[in-house]
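Please go over the structures that come below.
Here chain A shows up in two complexes: once beside chain B, once beside chain C.
What follows is the complex of A and B.
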């Protein structure tokens, strides 16, 4: 007996489809159009100007720096959150007395607002702040830094705060992945004489691929979309040293240069899609062939 | 014998290392919590110590000065309605997308999935909302959150609904039920745990967000808690005890939600991320 697919009427899709299309997809399409115009707050008419906005993005020092910073932030946080996340998950998957307590502790910052964490870290990262005082107290004066006001390290500091806050979330997904791996594999490997590192490389990592896949996607996409951390911790400063694509869009909006702002957004959209989709396809294929 | 002793020793070493590194997480949070009970001069050292005198009055002052009562209600209204709207519409859409299995349904699934990847176009969204005539309102923010979370929710619901046997629907259809009945009377009761997961995830991300209110809530009387805190942080930049009290109050709702709903978060992550 087979029921007709027609019984599942499409009208149940409409509410979600309408909300999603009007408030998410439509603005993206309109943005694509406005990227090629000189749309400004203070001008009545809108003129089509071809690739001018994009040319400006690739010749303007601040905009280039913002794109470079976005890439640094994305790469650093992807590596940090995933390497530390796997390490924590493997550790907390062992038979430890305090494991439930420790899991809750490591997860806890990720349920809080980025705003809260960024404000808490602001005074601690000052030159005379808590972190430098700790370095001084243990005799590591050379590690003391002007974490948020030294232009050459500020984006790394922001990335570190983000890693501090969100690694626990990645850890939770890795833990869920580890718990779905049968213990039999490890027993068999031990009997065959495999050490812990060998078991980790040959059993844990391959079977953890679905979790690695989703975590890489989440951290990469989140990293490219970064905004709140920079907005609260540095406001893009000192000077423009920590501008990212997200803060540039806010600035273009404030200045009324909307055509340029949407062009920056279009570029971000293209970048995320170009990087994420092949990664997604590649990872899916690898998972299937396991 | 020797092997298991080596294992036990290794466990102690790992446990010690993990406890040490967990201090790195606890210390900043305790500096915030203890600091929120200090006087404005005592807090300025930003070091970990108990307050000399517990100033519970900081909380009362923040609540008065920061306009937090209003911001709390705004946040509850925005977060509550956008979560419910998101749950109702996404689960219904996922149900049809999973059951139809046509080319169009596959295409629509990918269409929603793109929303997980693509960044939002903020400036043009403002334009669209202006054209519709409700820019600056709480209503616009509710719809924007529902649309921003649509992709994630459809993705999560699809995974679960796929595991519900079609035979259940068939029986109902044979007895003359329509799509609406089947969805609300048969599928909805079965996906209550997923609803909880989606509700918590959406609640946390919406409650904690500052980006959307920053762009879309033009009137400060509509602001949510984090945005009010941000404003307060700018105005009271000397009184870190009050700022910390403000941060603790903003974090309290999600923290309480987390305490009561831990198991839904974990089961949601397992089902959505690892199996899906």
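What follows is the complex of A and C.
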């Protein structure tokens, strides 16, 4: 009777587990199988080709560039979204009259569709767009750039747009974390003579670690899986300058190389897992409880 | 405990199966609706067959899917045509998937050249050589690939590609049509001096960068080495082996480098082109005659024309493989009825009506070409009748060309020189041909 009561809660997992298995686990396993085949639209039969697709991924210049771009995007957005997110959250956790209004303002870009962001930013980032005009108006001509068409900076531009859009979301999670920290710690620190920086480093950051972990995971996985921002802003161009793994998958499918596309997807899944899980374990260990 | 779990699991499984069976059932009933009537029709007169015609949303104004035409066809034959409108940006992917999983529509509207690369024409589509309307065709070639008629159209008016230009501006400035590259640069200089942008390059859409090379390469090959594309497709020759190709790429880049274009060529997109011509901001653009049609639709007082890409002396006009043809998949569920639909459109009366409304150059011996718009008549007189046209390179490439377009765009982004573009394309082309299983790669 007791065991039955304990196990009762697990019954509720069944429907979700079943749906998850049918719509995610099974397709993922089938995808894993196809990544070792020469599956193509124009082939009558599908042949097992071992590691050929993966070998090709690591010898194709465009694919290697896409991986490099994905890493740049992931690192830049993880740092940008989290550092700015913490700064905004700390700032808007203070006693400000307009804090609710400002919180809403900073959060609002994250509810917009990436397509809307693209429509807004594309003209702004042109050579003669708003951003360059502002630089020109304040005498910073040297900072004017072809933001979306200069191959050497385009991926950084896309990352910056992504940071602008999503930092508010990270801020919201940090705000929730900050509000769960008891004010007693800060009062005790003030009595002990600690300044605001010392309180931030010794109290806020350690107690904010659960929120930092969540945000790091979300931004890292989002960064490695980036697709929509690049697709709508640059389409992977100019040329292949801003290709990321996500757009390469689409390209492979467009070329009819379905087996190769599935292999790239499998690789992306593996990369996300290999990077995210150890990081999660490491960060969990650093967490402290109040 | 075990019993309870078993009960729960059985209940859930039963639930899922019921839902999936219901889904199958409803899908089945839907298809049954079509197929049963279909079977009924072949067996007994009077009952209706519904054939599925898949078409990109961007082509929904096609003359072949006009409501009036479909209604008349239904009244005459009892066959209903159901349209499957596919999202424009996903048309190829959706059709590829439908063909791969045997969920084939009965008719597909697509572009012949793209169908050979995207949809595996030979494997997936019916050869139409023996259809009754084929014997009346004036120009079988525009509907053919691999030596067979695979597609249907009432027009032989392929999309002509060259330099679209504002005739009024040329007249005001006293400019004649340039007949080679030096003359073209002189024309650009004169237009630039008048304060107008000579050439609009919307290369954010990388395919637009292919108009110049696609016509220039084909013109050179037709005049100097007719077997070139066969050799390239057999891996006997590489794209980079033709030094003239690099010259043609350099020419297009020169036009930009010399300041004869819009400043933001990699930010400007094709959808801006009509506005640029209407506002008289630009005088020329490397594009197809469809742009002229789009501009004159908005302002019939605009006088635009088309001349051949002036890459070498006395060039031919680029002729892209005809777009918007109808194809019948080999696995069409209603093959007979689909063919009846083509027969119906091919009848003298219906074809004449379409040709008249659309100002097409008729492809049927017994259908008269109507009075054509000025620009089109000029194309016919100056290029088609004297046989000064060359099928663009797209017609010869049996692989996806998207990477070539990206490489062309990369040239303008400063990443590659013309030789680099051709070498990189050779590598990609070889890989794509190898993937396709083409002999020699």
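The criterion applied here is as follows: the second predicted complex is superposed on the first by the 274 of 290 C-alpha atoms of A that agree within 3 Å, B and C clash if a C-alpha of one lies under 4 Å from a C-alpha of the other, contacts with A are read in each partner's own complex, and residues count from 1 in each chain.
Definition applied: contacts are C-beta pairs under 8 Å (C-beta built on N, C-alpha and C of every residue); 3 or more make two chains touch, one makes a residue touch a chain.
Note that the structure is predicted; figures quoted are calculated from it, not measured.
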With the two structures laid over each other on chain A, which partner does A:102 touch: chain B (first), chain C (second), both, or neither? first
Identify the partner contact of A:206: answer first if only chain B is touched, second if only chain C is, both if each is, neither if none is. neither
Identify the partner contact of A:173: answer first if only chain B is touched, second if only chain C is, both if each is, neither if none is. first
Count the residues of chain A touched by chain B and by chain C, then name the partner with the higher count. B
With the two structures laid over each other on chain A, which partner does A:278 touch: chain B (first), chain C (second), both, or neither? neither
Figure out whether A:28 sits in contact with chain B (first) or chain C (second), or with both, or with neither. first
Contacts for A:127 in the overlay, against chain B (first) and chain C (second): which applies, first, second, both or neither? second
Considering only the touch criterion stated at the top, classify A:265 as touching first (chain B), second (chain C), both, or neither. first
With the two complexes superposed on chain A, say which partner A:41 touches: chain B (first), chain C (second), both, or neither. second
For A:251, select first, second, both or neither according to whether it touches chain B, chain C, the two together, or no partner. second
After overlaying the two complexes on chain A, where does the chain B footprint on chain A coincide with the chain C footprint? 3, 7, 11, 15, 22, 253
Interface with chain A, chain C side, in the complex: residues 1, 4-5, 8-9, 12, 16, 92-93, 96, 99-100, 118-120, 123, 204, 206, 263-264, 266-267, 399-400, 402-403, 406-407, 409-416, 432, 435-437
Residue ranges of chain A touching chain B (in the complex, touch as defined): 1, 3, 5, 7-13, 15-17, 19-20, 22-28, 30-31, 34, 88, 91-92, 94-98, 102, 105-106, 108-109, 111-117, 119-121, 123-124, 129-130, 133, 164, 168, 172-173, 176-177, 179-180, 210-211, 214-215, 217, 221, 224-225, 227-228, 231-232, 249-250, 252-253, 258, 261-262, 265-266, 268-269, 272-273, 276-277
Please give the residue numbers of chain A that touch chain C in the complex, ascending. 3-4, 7, 11, 14-15, 18, 22, 38, 40-44, 122, 126-128, 146, 148-151, 236-241, 251, 253-257, 260
Note: in the complex, chain B contacts chain A through residues 11, 14-15, 17-19, 22, 24-26, 28-29, 31-32, 46-47, 85, 88-90, 92-93, 95-97, 99-102, 108, 111-112, 115-129, 143-144, 146-148, 150-151, 154, 166, 169-170, 173, 178-180, 183, 204, 207-211, 214-215, 226, 229-230, 233, 240, 243-244, 247, 250-251, 254-255, 258, 265-266, 269-270, 273-275
